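In the two assemblies presented below, subunit A is common to both, partnered first by subunit B and then by subunit C.
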Partner chain A sequence: MEAFINGATCISHHNTVDETFFFEGCSPFAPSPFLKVAPFEHKNYIPSAMSRRASHILKMGITAGMMTLERAGIKSPDAIVVGTGMGCFEDTDKFLRALVDNEEQLLTPTSFIQSTHNSVAGQIALLTKCQGHNFTYVHQNNSFESALLDALMLLKEGEAQQVLVGGIDELNAPLQELFERAGHIKAAEDLKELLWESTSKGSVAGEGAAFFNLSKKRNANSLAKIRGVKTIQKTNSGEELLEMALEFLSELAIKKSEIDLVLSGRSGDVEKDLKLKEFESRLNIPLAYFKPLCGEYFTSGAFALWLGTSIIKKQLVPGCIPSDQTKPNSLRNILIVNHHSDELYSLICVSAC
Partner chain B sequence: MEVQEIIKNLKVQIVEQLNLEEVKPEDIDANAPLFGDGLGLDSIDALELIVLLEKNYEIKIQDPKEAKAIFTSVQTMADYVASKMK
Partner chain C sequence: MLNRIHITGMGIISAIGNSVEETFQSLNACKTGIGKIHHLKTRHRDDFLVGEIPFSNVQLAEMAESQVFDRTTLLGLIAAQQALINARIGDMKEARTGFISSTTVAGMPHSELLYKDFFENRYQGNFIDSHFSGVSTNVIASHLGIEDHVTTISTACSSAANAIMLGARLIRNGILDRVLVGGVDALSLFTLNGFNTLLILDKEWCKPFDDQRKGLNLGEGAAYLMLESEKMVKSSSKKSLALLTGYSNTNDAFHQTASSPEGQGACLAMQKALKIASLEPSQIDYINAHGTGTPNNDSSEGIAMQTVFGSKVPAFSSTKAYTGHTLAAAASIEAVISILSLQHNTIFPCLNREHQMTDLTICPVDTLQNDVALQHVMSNSFGFGGNCSSLIFSKN
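On to the complex of A and B.
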């Protein structure tokens, strides 16, 4: 199952919406334990009547989705598939609080309508008049990867020629409070360490939206080619993860020696990254870490795919993530390895086209 | 409460409840239509306005025909609220 990425957009903590920007001058240190997305312009993509009811995640998702279609030169895709770990959490929180505060009376419709997990895919379908396959996968750290699998299968089966696929999650006050109470967030003093060298527990929370227009046909807009994706429910060790990764590459007919770079989803949690570190130590392939750029969130795999695609297109690894072993013009095959809290691992392979 | 005071309060409550991002309460013409032209509200907003009246003024609107007349403008809403408060 392969597909060409003919358009991509990423809204993240950095100004990644701008295609000319590639982390110039960015620090590898997290400025805060919560990495919110950089301001982005949504007025060209969201009608004002829709915008006033749209929460942060809807604005991110619709903008990234519509911008991706624009970049790919597609007015209406055949299918829209979205992955989100937490969905429209802010509106869900608002709706549930109103439910309790008003003793189940006087509930307004807007929060309810927008609290549904599939609002982003639905609103993009309304804007593009896409009446085709419309699915939203909510499966924690494998949400985006599940959406990607669906998109690849639609293309393989010939049920769609153009598929818009994306991963999206938001960070907001109620979530930040929950993450802190659950011990998922690093203390401020621990941010002095580089995330990938961290000796403390917890991570840096993030948010973002990354969308891709996939097709079986290569065209002038093609950025890279997705070779395959694999979701892993559980791994007992880094060694086992390596075996699964090698099997995955073998299925794709790619030799380990052909992988030029591994984008690793180290979260910075000294305990939860143990298996991933063991995996990395056995690889002997240049490594770079993407979570210092985007933070930890359930659909960070979508950011990683956008980053891998951009690295291939630009033949450049951003200076703020370590990969001094790679040489320009040799970045043809990238393997993305991700996990969240040592659960639900995933593998994505992306290649030059 | 005087009708003018109700109008002032309603304008603030409408902007807040409907998230009218680019509208200031003082910019709303009390006699301009709420739906179609004027503020350009839609059917979801109509439901929000029903909740607004119930929440802030304890007024329940159950007859859809009645609602159409009440929600013609901020002025008609205020007149209705004033009549119920007497």
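On to the complex of A and C.
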């Protein structure tokens, strides 16, 4: 199951919405343990009446989704598939706080309606009048990967010719407090270490939206080709993860030696990254780490796919992320390996087209 | 020709019973499970009727043989375990076995009790790691030993239909040999109050397809089906309970919470499901409707059925007045009910209905019908975000 990426948009901590920007002058060190997205313009995509009520995730998701369709030259896709690990937490928090503070009285429906996990996919369907398949996956850090698998199946089945697929998660004050007090966030003094060399626990939290327009047909806009995706529910060791990755590549008829670069989802947590480190050391392929650019969040895999696609398109690895390993000879095939808190792993392979 | 998808096991827990057998007994006796609130701690205790499962979390944990405290996960575990036993599956490694669950509330019934205390620093524990939707799926998968493709869908009230549909597609695409599919939602303050702000909760028993219907009764529950490929069933000479022959998901693209008056998305979903099943509309013998009892849904769905089936709309009814609207579990609970209809050649009637809807020419089944020849049954589920799904179950 392969597909061409004929349009992509990424809203992230850096100004990745601008296709001419590619992390020039960026530092791999996080300025704070919470990487919020850079400001982005949404007024061309979100009707002003809606904009007043729309939460951050809706603005990010609709903007990234609509901009992707515009870049792909598509008015209305045949299907919309979205992954989100945490859904619409800003509205969930708003409704829940009002509920507990006012003891179940004086509540209004807007935040309840918008708290529904499939709000982003539903709103994009409304705006594009897309009556096709509309799924939202909410499976932790395999939400986007599940959406991607669905999108590839839709194209294979002939159910859709153009599929809009994206991954999206938002960060906000209540989530920051929840994560921090649960012990998931790095202390400020630990940010002085490079994330991939970290000796401390916790990670740098992030947020973002990355959307892709997928098609079986290659065209002048084609950026790269997705070769396949695999979700891994459980792995016991880095060695087992490597076996799974090699099996995945062999199913795609790609030799290990053909992989030019591995984009690794090391989170910077010295304990949780152990299996991934073991995997990397056995793999012996040039590596780059994407989480210093986007932070840790459930759908960071969508950011990684956008990054891999851009690296292939621009034939350039951003200067701020590769570790001091051998430089890749060419940039035709990229393997993305991701995890979150050592729970659920995933593999995505993307190639030049 | 698409590979046939067999249902080889079912598990269910809802207000009308904690097994397939109990569910059938309640339906066959036209007995509702909807009543006063006992376990959910809400100030609306006396304001609304709900389809609550008559067990505390402690009792559910004993039944599930689990240490989990989260009601959503417990209900899911109970139904999932039943389905595996029913399908006579013990070893997850003997074939590629997946698990597709769906939920809208996930850990909310637990989180909402701690939220205020957490932010006011009276509670220092961690509930966020068990809050998000995938967690209950992962706990159930791990308890059952399922390690192949596992995922969670959340498309509001159509969620479980989409989980069932995805399972069938994963088998047909050669990714899995068999897959446990369905959904779960526990009652929560969040959803009870949310639906209350939308003014679509009936304070009395809900009356699906009644002209004077006022809204829905919320419910809770879980149901899972074991789907297996033709090859799996043949090689094990296992009994197939029914076939999943049709499925479809479309979007109404009309409004975030309301259905279009003419039910465009619903029409498309029913038509596409028929196409996947290679069936003519006239071959559908019964429709288990979404039929929530809200003025908007029943009118829109009724008109859509009239559009798709013309002058020959099949017998139809809604079973929401038995179980309440169980949100992400509704479609899998109704899938089990649809299969019970097929197995027993029985149509379970609408309850509480008195007045013919003025905007429809059709009338649902109001009395229990035994000995009806049922070959193909359609089940509809619609949700927020314009999400519309139809499934078709057929006799093997």
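Basically, the second predicted complex is superposed on the first by the 346 of 353 C-alpha atoms of A that agree within 3 Å, B and C clash if a C-alpha of one lies under 4 Å from a C-alpha of the other, contacts with A are read in each partner's own complex, and residues count from 1 in each chain.
Everything below uses one rule, namely that a contact is a pair of C-beta atoms (placed from the backbone, for glycine too) under 8 Å apart; a residue touches a chain by one contact, two chains touch by 3 or more.
Since the model is a prediction, treat every value here as computed from it, not as a measurement.
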{"item": "Which of subunit B and subunit C A:M86 touches, first, second, both or neither", "value": "second"}
{"item": "Subunit B or subunit C, by number of subunit A residues touched", "value": "C"}
{"item": "Partner chain in contact with A:P109 - subunit B first, subunit C second, else both or neither", "value": "both"}
{"item": "Touched partner set for A:F21, first subunit B, second subunit C, both or neither", "value": "neither"}
{"item": "Touched partner set for A:Q123, first subunit B, second subunit C, both or neither", "value": "second"}
{"item": "Subunit B versus subunit C as contact partner of A:V100, first or second or both or neither", "value": "second"}
{"item": "Contact residues of subunit A, present in both the subunit B and the subunit C interface", "value": "107-109, 113"}
{"item": "Subunit A to subunit B touching residues, read off their complex", "value": "48-49, 51-53, 102, 106-110, 113"}
{"item": "Subunit C-facing residues of subunit A, complex", "value": "1, 80, 85-87, 92, 95-97, 99-101, 103-105, 107-109, 112-119, 121-123, 125-126, 128-140, 142-143, 146, 149-150, 153, 156-157, 174-175, 177-179, 181-183, 231, 233-234, 298, 343-344"}
{"item": "Subunit C residues within the subunit A interface of the complex", "value": "42-44, 103-104, 106, 111-112, 115-116, 118-119, 124, 126, 128-129, 132-135, 137-138, 141-142, 146-156, 162, 166, 169-170, 172-173, 175, 189-190, 193-194, 196-198, 249-257, 264-265, 268, 383-387"}
{"item": "Residues of subunit B defined as touching subunit A within the complex", "value": "17-22, 40, 42, 44, 47-48, 51, 54-55"}
